[in-house]
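Labels run A, B, C and D following the written order; every chain starts at residue 1.
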Amino acid sequence: MDDLYRQYILDHYREPRNHGSLEQPDIHAADTNPLCGDRIAIDLNVRDGRVTEVRFNGRGCAISQASASMLTEKIEDATLDELRALTPQDVLDMLGVEIGPARQRCALLSLRVLHQGIGGPYTGRMDDDDDLDDEAAAQALKERDSSGV
Amino acid sequence: MDDLYRQYILDHYREPRNHGSLEQPDIHAADTNPLCGDRIAIDLNVRDGRVTEVRFNGRGCAISQASASMLTEKIEDATLDELRALTPQDVLDMLGVEIGPARQRCALLSLRVLHQGIGGPYTGRMDDDDDLDDEAAAQALKERDSSGV
Amino acid sequence: MKTLEPSMLAALAPREDFPILAREVHGKPLVYLDSAASAQKPRQVLEAMENFQRTSYANIHRGAYTLSEEATAAYEGARKKVARFINARNVREVVWTRNTTESINLVANSWGGANLKVGDVVLLSEIEHHSNIVPWQLIAARTGARLAYIPVTDGGELDQEAYARLLETERPKLVAVTQMSNVLGTLPPVREMIAQAHAVGALVLLDGAQSVPHLPVDVRALDCDFLAFSGHKMLGPSGIGVLWARRELEAMPPFLGGGDMIREVSLHSSTWNDLPWKFEAGTPAITEAVGLGAAVDYLSALGMEQVHAHEQALTAYALERLAAVPDLTVYGPPAERRGGVCSFTLGDIHAHDLATILDNAGVAVRAGHHCAQPLMERYHIPATARASFYVYTTAAEIDALAEGLMQAREIFAL
Amino acid sequence: MKTLEPSMLAALAPREDFPILAREVHGKPLVYLDSAASAQKPRQVLEAMENFQRTSYANIHRGAYTLSEEATAAYEGARKKVARFINARNVREVVWTRNTTESINLVANSWGGANLKVGDVVLLSEIEHHSNIVPWQLIAARTGARLAYIPVTDGGELDQEAYARLLETERPKLVAVTQMSNVLGTLPPVREMIAQAHAVGALVLLDGAQSVPHLPVDVRALDCDFLAFSGHKMLGPSGIGVLWARRELEAMPPFLGGGDMIREVSLHSSTWNDLPWKFEAGTPAITEAVGLGAAVDYLSALGMEQVHAHEQALTAYALERLAAVPDLTVYGPPAERRGGVCSFTLGDIHAHDLATILDNAGVAVRAGHHCAQPLMERYHIPATARASFYVYTTAAEIDALAEGLMQAREIFAL
C-alpha cells in the first residue's frame, strides 16, 4: 500500500503543480476515462515547437491526478517531438510506484489527453494497445532476442 | 415404438378420412405449429348447431395428420357445444397411444384449429396451458381431494 | 436506528454454499461487499448448470429427441419458477433476455418504437441507472419523444410532490423508475406511484435489478406493467435476465428477428410466434436459464422476507459503524427506508483510492459513478465508494470494512 | 466420392472429454447427431467456467478490486483468443453478443438503421437461416429498403451467374450470406463473392454460425466486413456470441443503451464508450465469454484444418451409407463441396416421425424446417431430418443412423 500511496503521490494529489488553465492556449485537450469517470484537461502554449506553458485541470483519483501533475512538471520546456516520443512506460516509470492493471488507465489518462492534443501516438483508442499484429511482431522480436540470434 | 406407430395411426396418416375442403364452409380455420411447421386447416358446415360436414387439409407428421383424421371422424354429427367441451385429454385418449411431451403439440394441433374455428376454449395460445392461478387452483383441489376432506 | 441483534450477526445463507467466499485476496480472507454489482453463486446454482450440461444439454424447442425434450423442459421449467417467484399470472408473461439492460431496451424499442410520437413524454427519475436512461434517450431521438425526470431530494428520496405535479403537467405515456436505487439504496413508494401513474393513463416500467434479488416482489400486488431484472444479481449466472410484462407484450411488435421467434417466414414477410417466444430470437441462454431457476429455488428456500430483513439489519449496523469513521459521508435515506447498499465518501480520498486500499485488506467494494452519472452530478460528487450486502454477508465483514476505512485515513494522513 | 479411411473412423477429439456422450437414451448409448443445432461441451470448457465462478467471479470493468480485475482480465482475455481464432487485426474488432442472431440484428439495426434508405437493396440468398432473413425484413420495413435473394440451384448451390447479375442490376448496399448452409451443408464460394460485392461497392456480412465452428475462418483472407457466429455451436456455452467487424463499427451508432457502453451520461444526452464496449450494454455474459475462450483453445489444439477434414470424411461416409437406404433422398451438394451436415427425407415418412423413431434407437437428429422455411418452399418439402457431425462424431455413429433408418422403413412398412 505505502508502495502505491507514497508521500510524493499524495503530495502531487493534494498540491497539484501547474494546476488551472491558460487564457488562450495554443493547444487544449480533454478526455474522460469511461470506466471510472476520471477526467483530465490539459492546456499548452507552444513556441518554436517547444512547450512554454502548461496547465491541467481534472478530477479523479490520486493516481490520475498525481500522474497529471507530475507529467506537467516533466514536460515543461520539452519539444513537441519529445512529447510525442513519450510512451506509457515512461509515465509509469515517472510515477515510480507499482500500479496494477485496473489502475493503469488512471495513471495513463494524462498521457492519453496530451497525445490527443498534440497528435501523439498514444490516444488510448483502438489500435493503440490492441493490435494483434504489433503484438505478434513484438512477440517474434522478443523470441528472436532471447534466443540470442 | 410400435406403441406410437400403431397400424391404425399409419392407416389414418396414409388414408386420411374427410380429407379435402368444402366449397363454401360455414366455418374455416387453419393454423401452424410454429415449432415444427405442421399445418392443419379444417372446414365445417353446421346446421342447427350441429356439424353436417367436415373436411381437413394439412401437412405434417403421422401424429398430427392421424390426429386430425381421427378427430374429423369423431366430430361428424356432433353439436358445437360438444366440440367446445372437447379437451386435449380427450384427443390424446382418442389417439390411444403414449405421446411424449415433444409430440403432444403435434397431436393437439387439430383440436387447437377446431377450437379456433368454433370459439372453443383450447386455442393453444396464452392463458390456455400456462395460467399459474388455474394451476394453483387445480393443485389446491387435488390436495383437498386427496386429503379426503 | 435499531442496533443489530446478535442473532443477526451471522450470514443468512450457509457461507459454505458459496465456494468463492473461501478464497483469500492479498493474503486476507475475501470480504465481498459488491453484490449490488453482481452476486456470488451458490454451489446449488453451479451444480444445476454443470449437471444440465453433463446430462441433458441440447438446443431447445425444435428437437424431437429425448435430450432436446429434456432441455426444453428444464428451460421452460425455469421460466415457470421465475414466474412464480414474482407472482406472475401466467408463465408466458416472462421473457428471457440477457440482463436488465436488454429488457429495458426491448421495451424502449418495441413498445416505445410503436407507441411514442413526437412530443410524448417518458418520465424517469434522477436516481436511475444508465440502463434506465440511455435506452430512452435513444428511442426519444428516434421518435421525437421527450424525457422528463422526477427530482431526488437532498435526502436521497424521490420528491413525491414533484412527481404528482409532473404527472399532471407532463402527462407521460410511460413512467420508468427503479424499485431500488443501486447507489443510495432508496426504495421509492412504487406501489403508490404506479397507482398515480395509472390514474393519468401512463404505463409503468419498474427497474427491478436491485429489488427482485433483495425484496419480495409481487407484480400483481404492485400492479406494474413491466418489470426488468438480471439473473447475475440474484445468485444466478451471468448472461440471463428477465422482462416481465402484463399484457402489453401481445400487441408489441417484435424486437430482434430470427429463429424461434417466428411462426412462418417467407422471403418477403413473416409472422410471429406466440408469447413469450416472439421476443426470444435465436438460441437463448439455455444453461443460464436453468441456473437462474436454481437461484430462484435457493432464494425461495431462504425466504425473500428473511433476505430483506437480514439486509436491513446489516444496513442498520453498517450505518452505525460508518457513522463512527471521521470525515465519512454516507448518501441516501435512513436504514429503515433503504435496501442493503451504502455509498459513501471519505474526506478528500477519491473513491478509487479507497477501493484500492480496501482491496489490500481483502475488502471488495465498488468505486465510481455506479452507472448513475446524473445522480453524481446532482450531489456534486465525482464518485462514491459503495458497500452492498447479500444473503452471505456478515456483520464481521462490515467490521472489516470499517477497519479498512480507518487504515485509509492513516495512509492519506486524514 | 472417396471411401472413408479406417484411421478416420474414430472421433477426432477424445470422447471422454465430453461427459454427456456417456449417457444412454431409451436404454441405448446416445448417438448425438445434432451438433449443427448446438454442440456438446468438453469438460475443459465446463471446468473453465466452473473454476472461474468458484474463484474469480465478479462484475467486470468497473471494479478497482482484485476479483474484478481478475474477472476483467479473463473476460477480455477470452476476447483476444476469439480475435486470434478468426485472425482479426485488432482485439477491439470483436463484440460479444448473445448469439449469431443478435449479431445480425445489431448490424441490421445499427448499420442498417443509419445507412439504408428507401429503395436501397440488401442482397440475401435463398439458403439463409431465418436469423439472416428476419432482421433484414424488419429493418427494411423501417427504412423502406428492399430485399433481393440469390437463388439456389437444384443441386443446392448458390447460382453464381445470377449473383453476378443481381450485383449489377440491384446494386446492393450490403450482401448478407451464410458461409455454410445449416440445411444443405453448402459452402458458397464466399471469397470470390466478397470480392465481387466489393467491386460494386457493397459491404458483405457473413453468417458464420456454421462455418466458424467447423472450418478455418480467416477474416483477413476472406476480406469480409462483418462476421457473425455463436459460441454454443463451437463447443462453447449458450448465451454468448460474436460480431466481428472490420472498421464499420467505429461509425455505427449504438444499438442497445445502458451501462458500460457510455462515456458520459447526462439527463438529456450521452456520449459513447470506445469499441468494442460501445456495443456491449449492461452486464455481459461474463462466465460464458470465459467458456468460449476455453472452447477456442480446445478447437485450436485440435486444429481447424483437422476438424474440417474429419467432418468431410464423415460426410463422405454418411452419404455412402445413406445412398444404400431405399427411398431415401439427400439434399445438397456432393461431399467435397459441403460441410458436415446431411438433410434427407425417407419415403413418405415425415421428418418428425423419423426423428422419434431414431430417438428410440438412441440417435438424436433434428427434424423440421431448420429455421430455413424459404429453402423448404424452394424444394417443395415441408421438412427434412438432418444429421450433423462434429469433432466427437464417429463412423460407428453413422452406422447407427443407417440402421435406425432401416428400422423406420420397417415400422412404416416401406
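As a working rule, contacts are C-beta pairs under 8 Å (C-beta built on N, C-alpha and C of every residue); 3 or more make two chains touch, one makes a residue touch a chain.
This structure is a prediction, so every number in the text was calculated from the model and none was measured.
Visitor: If you walk touching chains, what's the least steps from subunit B to subunit D?
Guide: Counted as steps through touching chains, the separation is 1.
Visitor: Can you list every chain that touches subunit A and also touches subunit D?
Guide: C
Visitor: Which chain's mean C-alpha position is the greatest distance from subunit D's?
Guide: Result for max centroid distance from subunit D is chain A.
Visitor: Measuring from the mean C-alpha position of subunit A to the mean C-alpha position of subunit C, what distance in angstrom results?
Guide: 36
Visitor: Just give me the whole-number Å value for how far the CA centre of subunit A lies from that of subunit B.
Guide: Measuring from centre to centre gives 72 Å for this pair.
Visitor: If you average the CA atoms of subunit B and of subunit C, how far apart do the two points sit, in angstrom?
Guide: So the centroids are 43 Å from each other.
Visitor: Report the inter-centroid distance (CA atoms only) between subunit C and subunit D in whole Å.
Guide: That pair's centroid distance is 32 Å.
Visitor: Where in subunit D do residues touch two or more of the other chains?
Guide: 62-65, 68, 262, 264, 352, 356, 367-368, 373
Visitor: What parts of subunit B, by residue number, touch at least two of the other chains?
Guide: 35-37, 100, 103
Visitor: In their shared complex, at which residues does subunit D touch subunit C?
Guide: 19-20, 23, 25-26, 30, 32, 34, 37-38, 40-41, 46, 50, 53-59, 62-68, 98-102, 104-105, 108, 126, 129-131, 133-138, 147, 149, 230, 232, 237-241, 254, 256-262, 264-270, 281-288, 352, 355-356, 358-359, 363-368, 370-371, 373-374, 377
Visitor: Show which residues of subunit D lie in contact with subunit A when the two form their complex.
Guide: So the residues of subunit D touching subunit A come out as 61-65, 68-69, 72-73, 80, 83-84, 88-92, 250, 262-264, 273-275, 277.
Visitor: Within their complex, state which residues of subunit C touch subunit A.
Guide: 348-353, 356-357, 360, 367-369, 373, 376, 382-383, 407, 411-413
Visitor: Which residues of subunit B touch subunit D in the complex?
Guide: Residues 1-2, 4-5, 10, 14, 35-39, 59-63, 65, 100, 103, 106.
Visitor: Using the touch definition from the top, list the residues of subunit B that touch subunit C in their complex.
Guide: By the definition above, subunit B touches subunit C via 32, 34-37, 100-103, 124-127, 130-133.
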